[in-house]
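For reference, the structure I am asking about is given below.
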Amino acid sequence: MKNFIAIFSMFCMTLSMYASKVDTLLVHSDAMNKTVKNVIITPDSYSAKGKAFPVVYMLHGAGGNHAAWLGKAPDIKAYADLYQVILVCPDGDKTSWYFDSPVDDSMKYETYISKELVSKIDKTYNTVADSKHRAITGYSMGGHGALYLTFKHQDVWGAVASMSGGVDIRPFPRNWDLEKRLGSYASNKDNWEENTVINMVHLLDGKNLKILFDCGVDDFFYDANVRLHKKMMERNIPHDYIERPGGHTNTYWSNSIKYQMVFFNDFFKSAK
Amino acid sequence: MKNFIAIFSMFCMTLSMYASKVDTLLVHSDAMNKTVKNVIITPDSYSAKGKAFPVVYMLHGAGGNHAAWLGKAPDIKAYADLYQVILVCPDGDKTSWYFDSPVDDSMKYETYISKELVSKIDKTYNTVADSKHRAITGYSMGGHGALYLTFKHQDVWGAVASMSGGVDIRPFPRNWDLEKRLGSYASNKDNWEENTVINMVHLLDGKNLKILFDCGVDDFFYDANVRLHKKMMERNIPHDYIERPGGHTNTYWSNSIKYQMVFFNDFFKSAK
Amino acid sequence: MKNFIAIFSMFCMTLSMYASKVDTLLVHSDAMNKTVKNVIITPDSYSAKGKAFPVVYMLHGAGGNHAAWLGKAPDIKAYADLYQVILVCPDGDKTSWYFDSPVDDSMKYETYISKELVSKIDKTYNTVADSKHRAITGYSMGGHGALYLTFKHQDVWGAVASMSGGVDIRPFPRNWDLEKRLGSYASNKDNWEENTVINMVHLLDGKNLKILFDCGVDDFFYDANVRLHKKMMERNIPHDYIERPGGHTNTYWSNSIKYQMVFFNDFFKSAK
Amino acid sequence: MKNFIAIFSMFCMTLSMYASKVDTLLVHSDAMNKTVKNVIITPDSYSAKGKAFPVVYMLHGAGGNHAAWLGKAPDIKAYADLYQVILVCPDGDKTSWYFDSPVDDSMKYETYISKELVSKIDKTYNTVADSKHRAITGYSMGGHGALYLTFKHQDVWGAVASMSGGVDIRPFPRNWDLEKRLGSYASNKDNWEENTVINMVHLLDGKNLKILFDCGVDDFFYDANVRLHKKMMERNIPHDYIERPGGHTNTYWSNSIKYQMVFFNDFFKSAK
């Protein structure tokens, strides 16, 4: 609780002077040879020289871009202040699925997010540059992305959350450009089987990554999340799992992120 | 978000002067003809004449008393400030199970909590005295109690949470004095069947009560909570449901209450 | 197959003269002391003096009336000819649920359908007046009704089908006037528990009644039908069970009835 | 319904002159360098010059031959008339499993059925020679065959049904000459994994193929069919699914085909 009091005291002292600040950062991806936009939200008390901050990356869903999170859940600016974290919302292309696509060399968002962007953020901002102070979440395609990237890069990420995540892509062989990223399911079965989150649980050891995922019971991804929960239970992978009323909507996500920020805050505090 | 800012501003202005205050209130129960102790935590900004406050009642588990919550999760004092709520922790006897016992006239904790105590609190403190600003939670026996009381008194309570709740008592016919409260299961089957939470879902209409319950996957009450979730799903009763790593421990409860306070805060805010 | 050939021959000979005929029959219910409308469809070859015909009763869903089936699936007129059966579509009030309501004496549709109407039809038309030539189906509330009436009156009915049936009413305590028929679920639990089809499987012995039920996988009654199937499997009650694409729609029902008529035709033929 | 009336009218006019006709057609398979027998049933109204007809191919089970269907379900001759379709029952060897065997060059029944036979039928008979008017079904080994061929050749087949299909062959590593077709499971695991229907769902996109499969609840293939249904549900592949009383018997199949013909008839009609 001392942490809370300390945060609030700092917050109070600084409130009259400034509050969380929103920037757009352009980052060049060498892997894709293009420049990608990212929304960066720094907390009120942020300064380049003082205390270093943990970072939460926030991935958008299909059709979105770097500005999607701010549009859907503008309260995240306040959470940056409340929990004293930097928020990073990258552009994941409309439908990159955050893959390094095995069939399209121009799509390398796994490399972009987990390597290029993280490196750039740690150089540009006053961050605590280790996995114990770096977390990632996302909704829908972004929930898939957050789990996908953390399962594969546990040295980079210490905590992950997903809301309404597309944790099994195989039920949707014709949706959201998945065929452009992986080839058709019919002809490229292995690409799909190996890159759908629900088949990647074997990468986890139950120790290195703190995991939360949630889904609305009316969501078309609900069944897949139930199955992922069941699989993780069978494999003894500790994780927080939440079901709530609601569907695949902004209302659901702007509620879910409140709880996920509590989860990340605890994670960051536990590292101290 | 304005609510948060308003809360924080108020908090900041008052922080130097006082913080949440802990009292012990003695309340006479006419039903039981005895005096019961209750811990009352008022937020920092509390005053008898200003803004009225919502109230969260917090029930302890078997073996506990009115001081149990403060001992297990001292951070609740800070939550009173953060969310600007009054917290009420009644003594529920070591093993009352919050019943009006059908076999022991001296045990009338359902009446005590849902009628006598609520009435006394609303007279004694500056509360918003309606169900939209009155919530209740509890751990273990207290989780059972919170669900039990709210299912039966939906006019009194607007929101409920349970952590590690004993939501089905039938698997434990010899534990925690349950036989003293309901008679033996063998000889008093109806008492047990009618007073176990999992058999009371028919009292809900899916509209009047906001519900959250959670349980650790290593808890001996885990299976009962899974079954309650399944039953509520089958009955179309909207509710938040959370499973987490952990067992029947203080560590679990001091974590769980953080999320439940977010839930209650949203409930109180939605009434405005 | 000889039956088919015989049917077709008869059909051919009579086609130029007449086809199925639609009447509206008024039937007085002594139990309810009112007159109820019923659509009656007799096949092309029908005559009061020749061969007697089997009868299929068809129950409508909530909000419907005696004309609902003809509106939703006009092809049933052709099925009367193809399978040489009389079709009877009673008015079941908008939301009688085909109960003899325990809380409203004016609603006695169980008695009306299974006793008064059956008796009147057998007196008025040239029917084979036994349970081996009497079947019943319905959609939605009518699916519930068909199963409900046959489970309770196996001497009257020999075969039953349900499409998109409300086979468990407990998930919907506030819908479709169910409270007016049974009292509120909260206060009249037994009325609900004893009159929901899924709790009436114990009435079946697996021999006297031929059963088919189906549901669309996107229907809000899907889960209840899955559970009824599972329960019947556990209880060794032989039945045909079908899941199909589709929701709670006319499109689904006008398709489903095609298969149910094959089922009923086989049932009637097997009696010979 | 107009279709029905039209069919019946035509049927009536022609009934006295002829009914469905049964031929045995010898087809040379270049792939296997041998001649294969096939039963062909043309409907009563068939003529080489008039209206073209849709075709339903019907595969037999292990131990059967081209005459098996006629023996087990002689009513199919009447269905040819009732639904105005041509029926083709090829000889699939006693235990070809309709594979192009990876271990025996002389067995190429996938090629024979889906290419050579289809081509020959369309040249020999007055068919509508496209996938919207070409369907296939089978029982037991033939149910496996129908699903296997259609999953792999969606350009050739528009609709498929299976009854009591061997949709997972892995539980039966020593039965029905499967080892002769694929090599032993122990030594040729990939042959089995890649050629069992339940592992081929990824070939489907939920759009190109209309699917029905059914199984008796006492059948030794029941569990495999339940699992295939569950897998297709998880993968969002629309399909009709039926469970019925009964085992692996002629009685079951002669009943099932009645419903499958309704299904195919609807499919052919929907193309118009």
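Letters A, B, C and D mark the chains as written, and numbering starts fresh at 1 in each.
The rule is simple: a residue touches a chain if its C-beta (ideal position, glycine included) is under 8 Å from a C-beta of that chain, and two chains touch if they have at least 3 such contacts.
Worth saying up front: this structure is predicted, and the values here are computed from it rather than measured.
A.B. asks: Determine the set of chains touching chain A that also touch chain D.
C.D. replies: A chain counts here if it touches both chain A and chain D, and no chain qualifies.
A.B. asks: Using direct touches as single steps, what is the fewest number of steps from chain A over to chain C?
C.D. replies: So the least number of steps between the two chains is 2.
A.B. asks: Turning chain B onto chain C with a C-alpha fit: angle in degrees, nearest 5?
C.D. replies: 120
A.B. asks: Same or different: do the copies chain C and chain D touch each other through matching residue numbers, with over half of them shared?
C.D. replies: Over half shared, hence same.
A.B. asks: Tell me, please, which chain's centre (mean of its C-alpha atoms) is farthest from the centre of chain D?
C.D. replies: Measuring from the centre of chain D, the most distant chain centre belongs to B.
A.B. asks: CA centre of chain B versus CA centre of chain C: separation in Å?
C.D. replies: Inter-chain centre distance comes to 48 Å.
A.B. asks: Taking each chain's centre as its mean C-alpha position, how far apart are chain A and chain B in Å?
C.D. replies: Their C-alpha centroids are separated by 33 Å.
A.B. asks: Using CA atom averages as chain centres, what separation in Å is found between chain B and chain D?
C.D. replies: 62
A.B. asks: Quick check of your reading of the touch definition: is the inter-chain graph here a line, ring, star, complete or other?
C.D. replies: ring
A.B. asks: Write out all the pairs of touching chains, ordered by chain label.
C.D. replies: Chain-chain contacts present: A-B, A-D, B-C, C-D.
A.B. asks: Which positions of chain D touch chain C when the two form their complex?
C.D. replies: Against chain C, the touching part of chain D is residues 1, 4-5, 8-9, 11-13, 15, 74-75, 77-78, 82, 217, 229, 233, 238-245, 255, 258-259, 262, 266.
A.B. asks: For chain D, which residues count as touching chain A in their complex?
C.D. replies: For chain D paired with chain A, touching residues are 202-207, 234-236.
A.B. asks: Sort out for me which residues of chain A touch chain D in the complex.
C.D. replies: Spelled out, the residues of chain A in touch with chain D are 168, 170-174, 184-186, 189, 192-193, 223-224, 227.
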